[in-house]
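One chain, chain A, links the two complexes that follow: it is found with chain B in the first and with chain C in the second.
Let's turn to the complex of A and B:
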């Protein structure tokens, strides 16, 4: 009996909260808020906040065309894999006190799991056989390399700080990080973590591929690169994945630096998380989008491996000496 | 009956495992004209070797016994080991298992892969000689025998590198390998001679007993010579250019052996000399040497791989980059580090073997390994593509494949070491390892795009899938990649932790041969405790549920319905894109794919390009400089 209840509970986690349904609703809403905010900042009216939902269902109703040069199975399957992988990451990220599935993954695992959606979009694009996708693939991969180094440093700094405080020297577990913050207050209140938090905020638009780090999609230049040949439902799934990725990265920030704010009630926590994610999205994605122009790929790389890496490294060195 | 029982006792299995390989080699040299006899002999000897080694798992790895075997029952007389000995502890057997497994799979692959070559008889003779050499080296209990076996395997490997001697660069590659390989062998011989002069014994166990008590300048020089000698066999920096040339020229089945087995013999030698022979010289400082060279190999080779446009050369550089991980982890001198390094050694054999076999399959069907000329093979060779992708994901460390399981342990081990020792240098190692991993992913994204996806060149319209025997060999490796990735507990519990325990148990190694091991310097092992959490099976379960849910939802929404766009041929559609530019100048595939990255590092890449001149004199000079530096290091610091 308990096995059945457990199974149903896990199914509920995967399908409803913090799994699919939550990801779908929250991700799409974040995307809508972002579009609306950017429009307001640019003194446009902008689409309604629910526009991403309309777009999603419209695309699902459209015909799907697979180009002749494409490898069909990989082309059609890659979007689904990417979405599923993102939802699984969301399951591992604690929502303040609440962890859906604990003890199964740590921050290094999260670091690698974040690569899977990127790899799936790259494989899908590569399978389409389009040269636009070829250019997009090259830039997407370089963007990933750019973000990886500072992200690694940020995660190691957090692991060291929490580990020091807990007396184990190191703490890789996300649950441990959440528990530490519940007991001792958010990590962002520590001076040593401030540069890391800033670096993480700068990493968010790079990881999601938003302006000005969207060289890989560059609609006006290479026709959305990897998505150039996608149409219909697979395109809708990729758009959804993009929205969910915004949610995943902002909630990862919340889990790493803003833990301990939770009320203990799951519904309220979920709402609080969404509000935090929306604020972070407005700050890191919408605002940056509105005031910058697209960078070239080599500039993106240089920016991340100098400015952002320096911020993260400062934090790691401070954490190392126990500040 | 009693006699038969005596012959079949597992005490004899180590020597049988070596013998069947050499015997197969000689028999093929004599009776190998007939194709069927040749294949049967080759398969029999590799299977028998695998069987003999596998039968030793129970007594050695699980029960922790150390098999000591004196040839002709010549046991030590007067306190000195005169006879030739084999000594099989968990570490030796661990490497022997890797050897026999790779040799077996590569043997299966060879049968259909080599069917278009002439001189198959010579191929199998040399192949089994090479395999027997490596097997003999890892099971030997005698430093001089290790040298003999190293000589046998070096010469067999050189001959096999030049096997397709009509191909461009094959003889040149073999010549480079011969020159630097001989310098390495000479170093090993010189180091052995210096130790012999000092201790009057060649037996490893007795050396492990005598050397620590009497460390002087000669011992330190001997250490440097042996370290550099085994370093050339493992192709660690600065010997990496030889690996690229050798792999580029050798048949794929030989690349599997060179990368999966021969480099491991070098790593085995390095572990043996640092942990067993020279333990008293201060593991803490030797640590620096191993970790520094390991991290350097990791990073230099992965960036070199990014600049390659030949499938097999690219794989060769990655091979050394992964060996860098192994060396770094082993050099951490903690139980967790050694266990993680050995785990990565298994995985390296498996995924690298798989990738080289996939490259061989592409070469077999298309006749080229040039990334700029290939493309779109996924439609023609679907099974090879899937198998290649498993290998590519494994080496880039994507969960749930095996590369992740071992890299995850390496990051933990190095970070834990950094925290425990308070040395910020080890932190840098963790960061380099993590960045190397994502660069590896980039490199394999390039290969999969340039070879299996992207556009199919018109010349390759008639390519077909490779034969079942080759797919079977790749399938074995792919399956093992998944198993070792999904059940890390089994691998660490039954293979790497016993082997790592053996590494830290020097006195037991000495006493098994009947010498007094009480004075041995036992390094502090530490525990196998993890700081992180990773449960691949449950993760895969959750991913599958999620994937199933998406797929069902998608299917309900008529996701699978699509129409093929056959009207627009790619020539018309993408003309605009090229805009008159020569196709090879665009960044669509091949070596220049990650232009954005390489542009920022152009100083570094140009420097590397100049350094890797391809002239054997330069590489020989590097070997001499390396030897001088290691000698200086060991004289001043150790």
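Let's turn to the complex of A and C:
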């Protein structure tokens, strides 16, 4: 009997709360809020907040063209792979006190899983056989590599701070980090964590491939790059993955630096998480989008491996000295 | 219910793809002006797509020169159904001042079914938005007829 209830609970986790339904609704809303805010910052009226939903359902109703040069199966299933990986990450990230699947996941797993959406878009683009996708592919890989180094340093700094307090050296467990913050207050209140938090905020638009760092999908330059040949439902799934990625990264920030704010009630916590995610999206994605122009790929690389890496490294050194 | 949702969304999220078929660049600049803060067509869901595969509405400017005709037809063929073709400016409709020139293959309606014509040289932004909104309505009808 308990086995059945457990199975049903896990099914609910995967399909409803931190899983597909929540990701779909929250991600799309974040994307809509982002577009509205960018429009407001440019003194426009802007699309309705529900616009990403309209875009998604419209794309679902369009014809799906598979080009002759494309590798059919890989072309059609790559988008699903990326979306599935993002939903799995969402299951691992604690919503303050609540985690869907807690015991077995740590930061390193999330680091690996965060790569899969990017790999899936590269796979799909490569399978489409378009020269534009070829250019986009190399740029996407450089963008991933640029973001990865500072992200690892940020995670190490967090793991060292929490690990020192718990006496385990390095604490990679997300549950451990959540529990530490519930007991000692949010990590962002510590001086050593401030540069890491800043670095993480700068990593968010790069990881999601948003405006100044969207050289891989430059629509005016290389016809949306990796997505050039996609149409219909697979394109809709890629757009959805992009929206969910915004949710994933902002909620990862909330889990790493803003833990311990929860009220203990799951529904309220979920709402609070969504509000935090929306604020972070406005700060890191919309605002940056409205005030910057697209960077060249070598500028992206240089920026992440100097400024952002330096911030993260400073934080790591401070954490090592126990500040 | 799902079918109605898709139809409604089709009308509310028309993405544009712009083809220059030998235009003088006047209409091209006018088309971009509808996305500026003053007219802001994005409030109706319009968005310029980078690839014809993502588009719902194809906007053709210019008198369709002999050189550009095969490319225009090929690009339009790449747009997935349901799609609308909108000509912008007088050139793709009649040839405008280029009519009778040895290098002109237009009007466009000789080669593909055109859904909406927006006349003018160049048309006013209000007229463009009106024409595109009409095309968005037609997209919904086309989607409804399909199934």
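Operating definition for what follows: the second predicted complex is superposed on the first by the 323 of 323 C-alpha atoms of A that agree within 3 Å, B and C clash if a C-alpha of one lies under 4 Å from a C-alpha of the other, contacts with A are read in each partner's own complex, and residues count from 1 in each chain.
Following the convention adopted for this analysis, contacts are C-beta pairs under 8 Å (C-beta built on N, C-alpha and C of every residue); 3 or more make two chains touch, one makes a residue touch a chain.
Small disclaimer: the values here were computed from a predicted structure and weren't measured.
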First (chain B), second (chain C), both or neither touched by A:80: first
Which superposed partner A:44 touches (first chain B, second chain C, both, neither): second
Touching partner for A:2 - first (chain B), second (chain C), both, neither: neither
Which superposed partner A:63 touches (first chain B, second chain C, both, neither): both
Partner chain(s) touched by A:53 [first = chain B, second = chain C, both, neither]: second
Contact breadth on chain A, by residue count: chain C or chain B: B
Which superposed partner A:148 touches (first chain B, second chain C, both, neither): first
Chain B versus chain C as contact partner of A:298, first or second or both or neither: first
Chain B versus chain C as contact partner of A:232, first or second or both or neither: both
Those residues of chain A which chain B touches in one complex and chain C touches in the other: 60, 63-65, 132, 232
Residues of chain B touching chain A in the complex: 376, 378-379, 385, 389, 393, 396-399, 404, 408, 411-412, 415-416, 419-420, 424, 427, 430-431, 434-435, 438-439, 441-442, 445-446, 448-449, 453-456, 531-535, 538-539, 542-543, 545-547, 549-551, 554, 557-566, 568-570, 574, 577-578, 586-589, 593-597, 599-600
Chain C partner contacts - residues on chain A that touch it in the complex: 35, 39, 42-48, 51, 53-58, 60-65, 132, 218-220, 222-224, 227-232, 235
Contacting residues of chain C [partner chain A, same complex]: 5-10, 12-13, 37, 40, 42-45, 48-51, 53-54, 56, 78, 80-82, 143
Chain B-facing residues of chain A, complex: 10-11, 14-15, 19-20, 60, 63-69, 71-72, 74, 76, 80-81, 83-85, 87-88, 91, 101, 103-109, 111-113, 115-116, 119, 122-123, 126-127, 129-132, 134-135, 137-139, 141-142, 144-145, 148-149, 152-153, 156, 159-160, 163, 168-173, 215, 232-234, 237, 296-298, 300-302, 305, 316-317, 320
